[in-house]
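You will see two complexes here that share chain A, one where it goes with chain B and one where it goes with chain C.
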Partner chain A sequence: MKKTGFAFVLYILMIISPIRNFIESIMIAHMLIQLPLLIFVGWLIGHFIVEKFHSLFNSWNINGVPGMIIVVFITMYWMIPRTLDEALTIGFMEVFKFTSLPVAGVILFDSWRRIGDLGKSFIFLNYLSMFGLMAWLYIDSPIQICNNYLTGQQRILGWGFLIITLAMALYTIQSVFTDHSEENVL
Partner chain B sequence: MRENWRNTVAVFISIILGSVLIYIGTDGFRAFTAEAARTYKLVQEQPEFPSVTLEDSKERVYPFSEFEGKYVLLTFIYTACTDICPKLEMNLAEVYNQIPNKYIGDDIQFLSISFDPTRDDPATLKKYSSHFDSDEETWRMARVVDTTELNELLRKFGVIVIPDGSGGFSHNSAFYLVDKNGKLLDVMDYTKIDEATDEILNVLETEG
Partner chain C sequence: MGCLEMTTIVDKGELKSRNSMIATYLVIGGAVIAVMMIFGVLMLLAQGGVLDLSPAAFYQFLTIHGTGMIGAAALAAVGLMWYFLRDYVELSKKVFTWNLILFLIALVMIIVGVFSFEYASAWTFLYPLPALSAGAWGIIGALLYLGGMLVLGTGFLLLYIDTGRAIIRKYGSLGKGLGWDVISGKKDVKDAPPATVIASTMVTIVNTTAIVAGAVVLIMNVINVINPAFTFDPLLAKNLTYAFGHIFANAIIYMGVIVVYEILPRYTNRKWAVNKSFLIAWTMSTAFTLVIYTHHMLMDSVMPKWMLIMGQALSYANGIPVLVVTAYGALMIVYKSGIKWDMASGLAFLSMFGWSVGVVPAIVDATIVVNHVMHNTKWVPGHFHMYMGLGAVVMLFAFMYYLAKVDSNLKPNGLDKLAFVCYTLAMISISAQFLVSGAISTPRRWATHFPEWMGPALFGAIAGVFLVIATSIFITHFIRYIIVRNKTGSDFYERKLA
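After this line comes the complex of A and B, so read on.
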């Protein structure tokens, strides 16, 4: 319940227009703070929602794969440079952003528990490569990709993606070694 | 087992829904950036060039309809621009040079429109013209003095201009081809000179 309340407050805060406008005025904040936070809101209320629609999730998302596919598509959609622009210029798209991403968060909450270790690794590596691609795209592009953001901002976002990619790569390497040592101990 | 069947169906449904989302969001995998989407939409809609009054580097004042009966290849620029505009204009000059003389002036008009009318007065435009060897006749450089008209034009042709805070602007660039009746025919990638030239020649030749 506490989590749901926190999610609610967080969501309201992000909708308040001065805060929203501020976050959206900085490209890296828009993509790497606002979008993940919206997913996080969904994740926080995930428990509450999944409990409510218990039977629905239990019968249609048994192994978590259908849910995970939806999550991947929704997040992929919001990584298309165009959608970032459209969220700023088309009111409907902003509403869609503020609904689709929390929904993705809820589904992620349910699916992540179900998907199993192999699935988790697959998804993790999938995002690692996707973020790497984004880093390359935004750093290397000689032209302005988003009409609402200057190329300087775009490059900063690229570096942000690169840092995330590197962190994820380090985590992967680290976890490989950790798993090994645990196996030896056991 | 029945539950597994539902899960499998759900997998297919999510793949289909996800693909539809991406398909619609990118105009059928055509436009991944707002710029590409803008271009795609413009070419579909073919907006008419609004009635604006131009003032060119020779201080001549005339409406855009002056060019009626000719194709017009135009660009949007500002002369204080140091990065993209010189490249854009150099490429436009390149296209100009590749079009056979028989078409120039009679069938096709070249035009660079400044969206910075306060600084780009006729004298400044004249100086800028000389940088690109424009003859100020068949390739004119002009400003739209009236701000309302200018904004209407930029809006209709989807040109987004953002002041960058240090006196410059960031803006999207392209070659705009307008037909004899003032309708936007195509928006072309300004970095692909040969493609643009070919397309223009194609249009001019089919017209005879």
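After this line comes the complex of A and C, so read on.
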């Protein structure tokens, strides 16, 4: 319940116009702070929602794979540069962003517990390559990708993605090369 | 070696009746390899001036030949690795099945892309070629090919995640799977992981890295094909392409060699000794395989110099240690063992010869001063046809005969032995004609040859016909095994041992 309350406060804070406008005025903050925080909100309320609608989640997301596919599609959608632009210029797209990403967070919470080690590793590596791709795209693109952000901003975002990619790669390396003898799983 | 003798030396782990999926992997892999050989013969006939093949068709054949060969050999090699690795760690059959399903989907996508939509960039799909075909193919063909490669990579990625997880679960970490605790002296060498686990760990590490790198550059190409306004650094694209392609192709032999580690000890009743040199050699190969792809870029003068020097120096340090410890180990295990040669052991031993000699032209070409002259000639296909055709693929055929032997009562006949000789001579001839073509400066990947270049190509095409015949005999034997096995049931082991 505490988590749900925190999620509620966080969500309200992000909706408040000055905060929202400030975050969305900086491309890297929009993509790498606001969007993940909206997913995080969904993750935090996930426990509450999933408990409440336990049988509903069990009926369609028993092994977590359908849920993960939805999460991947929603997050991929919001990584497309054009969608960022549309969220800034079309009102209902902004509403869609503020609803779809928390929903993704809820589904992620439910799915992550269910998909097992193999699924987790696969999703993790999938995002690693996807973030690497986004880094390259935003750093190297010779054209302005978004109408609302200048090329300098998109390059900064690209470097942000690159740092995340490198961090994920380092995490993977330490994870597979440190001793898991005492554990039963990766 | 007779059946009765064989049954005395099979391990307990072999007493598994569910080899159907592995047989499916091998028969699909083998059949695709045979069909790809036919495309190879057709290309050589065209280059030899006796077959009127349009350049567009030639480059489509070139694309399917390279992609199909590597894909099919990797598929069969994974089947081989999985068969032996499951004796040491717990693997998921579901993932193994999914890899095959995704491979078949990818195969259909690639075939449709190449032959229905005339996609012909060669396997290298070197940016920006997929988008800049000068009208030779369109967006759909490129997307089908690139998408097919992504689907293929997805299947293999799932499989390597599974092998990695299984190795970590059993041994603690991938480092321990490579025997680092033994190298550092924390553990006694007698407790070192088996050779199969070491090789599988190495392949898991390098191929997971390769597939992740490949996914990035493939999707980047997809974006460029859909919207050519998005342009990217071609040098980075080339680096990622070869980081993917080189590693993935190279890893086939490291999966295939498991058959040598597994069957020669069973034939000779001796243990394959894993010692510190062996472990160090495999660790070196793991590290260096990841970085030596730069030897494909020695002609790219804009590459950082240190990377090119690294490409040369580490290419020497990469394959040779593992080759030496494996070849030496194979010789030692066979020496005065009283081994009775048959198709499986003979092919396994031949593969060691192929690997050893196939490395030589590679090392020559990885030398910068030579590379500047030879890299765009047929010298390079000379190297990899010898290395793959006489090394890696022979390991796969060795495994096919081994599996047929231990899992059924089928015996090879005189025709199989004839095919062995025929395959060996044909593959040596094909490799030699490529090397000779390289030596007389024949460019590679050219649909049309000057008359002066045609002789070796024609010779190679004739040898290729014999190669196709020999390969067909190998595969026919394996198909006969599947038929016999279906009739006798899948519990042959148990009945044989009872």
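Everything below uses one rule, namely that the second predicted complex is superposed on the first by the 178 of 186 C-alpha atoms of A that agree within 3 Å, B and C clash if a C-alpha of one lies under 4 Å from a C-alpha of the other, contacts with A are read in each partner's own complex, and residues count from 1 in each chain.
Basically, contacts are C-beta pairs under 8 Å (C-beta built on N, C-alpha and C of every residue); 3 or more make two chains touch, one makes a residue touch a chain.
Fair warning: this is a prediction, and the values are worked out from it, not measured in the lab.
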Which of chain B and chain C A:Thr178 touches, first, second, both or neither: second
First, second, both or neither for A:Trp136, with chain B first and chain C second: second
Which superposed partner A:Phe122 touches (first chain B, second chain C, both, neither): second
Sites on chain B touched by chain A in the complex: 3-4, 6-7, 9-11, 13-15, 17-19, 21-22, 25-26, 31-38, 160, 162, 164, 170, 172
Partner chain C, residues of chain A touching it in the complex: 117-118, 121-122, 125-126, 128-130, 132-133, 136-137, 140-143, 176-181, 184-186
Complex contact set, residues of chain C against chain A: 92, 95, 157-158, 161-162, 164-165, 168-169, 171-176, 205, 208, 212-213, 215-216, 219-220, 223, 229-233, 236
In the complex with chain B, residue positions of chain A that touch it: 58-63, 65-67, 69-70, 72-74, 76-77, 80-83, 85-86, 89, 144-148, 150-151
